[in-house]
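Labels for the chains are A, B, C and D, by order of writing; each one numbers its residues from 1.
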């Protein structure tokens, strides 16, 4: 099989590096273009990126020359699809230019997530929304597909089987988010050591609006929000990777903690059935120890090897008596793998499996 | 005025050290007995305690000789009142022995908090419950008064003015608790660095039951729980001191964030009006910055100097649309000052002001 | 006594905030000008500075209006002396402009430290070098006096009594430096959590050259370096404040660890004898515990209250058999108090006591 | 090839878990006995060990039943060789009992390191010392071979090529050691967060004495110390894994930093030539960036996969003018992989390759 040629926009940043790392030796995709800001264009990736992962920079990509975030340069490289990890100030414009130039854009930026014709996708949750990509393709030549905010993603995965089996009326979530979510330079050490910051700009709003789009329907070419009341309180804690979330929820139909645990543990999707390369064997891993999940111990959960960090880990599922049909649990999701690059790559694998790319 | 002679049980541990530190040069109390476990008896405090505060051990107490946790030894020292920071395995027995020997016991341990004749007190919140101490005194000779768990205390203070003005139906709280809450040796560094632990044994149960007793009534010699639905999810994060709590609540009467902020900022109590030495000028400090309170910056809030760490700091008061009459906010409370030693000392000051001791 | 009017250049940064904090209610100095970069000019200090200390911004200064780093603006405020915490790119030019406009400049920046007519001063160590300020005054109208790098300062203080009593041939120092030394935004949390960085730009060179100037002579109007061989290896560790240094040295005359400890503990200077307000009772505190000094426990050492963080704490003084007349020890010095603002203020107090300002 | 059957003594602790992890699917060894303290005997490994690695417990070993640290139990399992990660209070006795019962003991404990007939081995450095194991075998039936302290090991590896090519007169080392070196419960979080501890009991003495034995000779059945002057200052910092060491040294023959870098980079040994499974391709990796090695980024250096964490990473090689023929550099070595379990396994691979086991 010929590999699909892909580019990475914003390839030198912390999410960009995750893409580079996860696409090394990918069975279906071959990276042919690494793009970054003007100042880096023409440099070798080795010199342009200050590599921060503990795995070492992939040899092949280290020698590639950075190209500009310009559709013509990307197309000259032979790429048909680009993964976008662009900074938010340029993402809106550049992603649309790419799509209008006929490229497929898979973005984990927020720029186009809420656009009415752009699907916001977690393959295990709302695979079907990808149909909107085809409609775009007819209109634009290319298309934009987005993945959600790193905080929304584990939450949506954990809620999906509950929604399907019991219905959900209300969700309250309090997050403890990792530093890498703010980018390598996002949180000064002086700001967070022996401390936490109980605020992340726009995060609570994103969690609410994105969750409703993802758990909602795509019917007659339009997205319709799920009817769930959602509230969030978002906090940054001194953890490198892995967002932890304390979830309180009210189901439509009463469900015991054991029933919830079972439906989560049994949850699966087409991504699993088609054995997509980056799909974890199980989207949700339920742990029974009283003190799990923990970010450092559980954030790289998920097998096979290529899917490490792709599973959502849930623990402490228990009754919440302060709510009717109340359930509470704690979840953990790797914010730069499943919460960003990994989800986008899994989307690309879906699109490939469905013949869209 | 003659100072009241007091003893400290469990004086060498981390909360014990807070007592020693906060009682240095106290205008009303004089420490005459430092008690610790058998192995330390007879040693100087200087040698028995591995001092962990950055303020230096008070010179006067450094030379005091440790005595056993025995009523007769305490009474021989001349103390009439003891503060208990005993480990939970011995607290139940020893505190009762002390009370039955005629001593006044002020405990921030959990041993007797839920006893039907023992008040559980935060001076600004339920001052009136101290009446139960008098009843005990008639029965036992001495008495036990307790302060709540370090997680309950800031929560109860922040809720009290809302309860009074708007009524409360439902409270959900997700905590991010400091390491010192588990004692100096409680959390290994290998367990918490680049990590968090989403579990604290019995903590969620304590928060719920204690809160209802504190916000409830004391009528005809009996405690009656408040009628509020309470749920908690408790987590340990990598912060030295200061518990942060994300609170979601449903009021009886609708209240805007501004109204909630105002009633918190204006909240005051007899402890303030009587200018008790360790009472903060304001029990609740409301901050308007979007990213406060933060543990390292705000945990020592409270004036005058003796009341540093005694105020509850609240921020991010906002509407919660996922609840009817929903409000959410973030609070911070110093867990070993207001959450333990400081609250107990303030109780003692109340008892003195009311003539109970 | 009329207070001397002073200004602070670079008042909004992390060292600038230390100045603001240490000069609140200073008995000899009154802050009349707070200067910062162009973008802040005209704003209130409250709005221009993102306050990072846990003590709260001094009320009086919060309302002051920021002025530009221009001699005429500073002089209009009535200030005769300025403390400079300017960023290094502008310090060289601005400090000289100020001096040439007749102002006294006390700088803890590196810009002019090695100038041949500028003294580099630690009051307890080389008080006498201040004579160079007078010579400058005649030449320039104003003058520049500098304090050393935060890493040099504790080292120089600890070495001075050994140099005086035993002579020093060789010093090797390996540092473990705090985050605040790089400024609030200097070290990203992603760079240092569960990590250390074994490199600080130019630091090793500064330690060597500054130490020799400070421990050297000022004779016939010229500075002459001490004849000591100095080598350093500098490392950043995950500590908020307080530089720790492991020192290996070779004395001229053999000295036992006890003799070294004694001469350090007895060390004193004119700054102590004149009871300057910010002078610690003892410049060096020798601790005997095997595991001290530790940054969090010892960095605020020093009394009286105004001198907290001004003492150098030394421990683990022991023989080093790999060197002839070998001694090794560990020292701790607060890098933004004694290592920056506090040292500069103590210099100003010296200048005042000597009648230079 | 039949695999050699091995046991692990102290298998539930943090180093024990590293053995279990590194021996999963080992091509030459098969774990047949997991031993732990009395309280765990009879339990499944899954229940006896609180697993702290982020890789998950190897399925096969999870179900094994813990046996006692008794030679007869070990032999009943079929094991011929045991790896010892015993706590120091029992190591001395138990390891000798095992050897006298005819077992081969490979220990990274300190109990027998300095015994006159026990080799202290780093395969790349003093392979030849293993000859002492044969002599022991004749005397005792079994034998004890030891690996050095985690701090000595990276230092010795980095020094070996310099010793060979230029000779070494003097070494001074200042360490910044990881938390895991003290065991999972060794350092309370309250003791080390925003702090460091400038003391590790007996560590400085061990580094000096072990280094001399390792870099010394084994002649006529006796060990002879290298003639090098060695001094150390040891410090614990807030890093999970990976000891960093700042080394100052004086060579016999003058050597430029480039020459030192070259001889380190080219260094190899029989362990590499024989392609032992856990031998890194290069014992020393020299990095040229100014700010490396860093523990989090470099501690897992070494390839192939089985040798991750086995290489010593060296950087910042530069001239030290305070010493004659002075050189300084910074090294990093993974303290629980190369510094403990990994070194012991590599020793076992050597013994197997040489036919001793």
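Following the convention adopted for this analysis, contacts are C-beta pairs under 8 Å (C-beta built on N, C-alpha and C of every residue); 3 or more make two chains touch, one makes a residue touch a chain.
Predicted model only: the values in this text are computed from it and were never measured.
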{"item": "Distance-maximising chain from chain A - centres being C-alpha averages", "value": "C"}
{"item": "Pair sharing more residue contacts (C-beta pairs) when A-C is set against C-D", "value": "C-D"}
{"item": "Chain centre separation in whole Å, for chain D relative to chain C (CA means)", "value": "42"}
{"item": "Chain B and chain C: spacing of chain centres that average the CA atoms, whole Å", "value": "40"}
{"item": "Centre-of-Cα separation between chain C and chain A, whole angstrom", "value": "48"}
{"item": "Set of chain C residues in contact with two or more other chains", "value": "52, 193-194, 238, 240, 296-297"}
{"item": "Of chain B, residues touching chain C in the complex", "value": "52, 54, 193-194, 296-300"}
{"item": "Residue ranges of chain C touching chain D (in the complex, touch as defined)", "value": "170-172, 174, 176, 193-199, 201, 229-231, 233, 235, 237-240, 244, 246, 248, 290-297, 315-316, 320-323, 326, 328, 330"}
{"item": "Residues of chain A touching chain C in the complex", "value": "14, 52, 179-180, 184-194, 238, 240"}
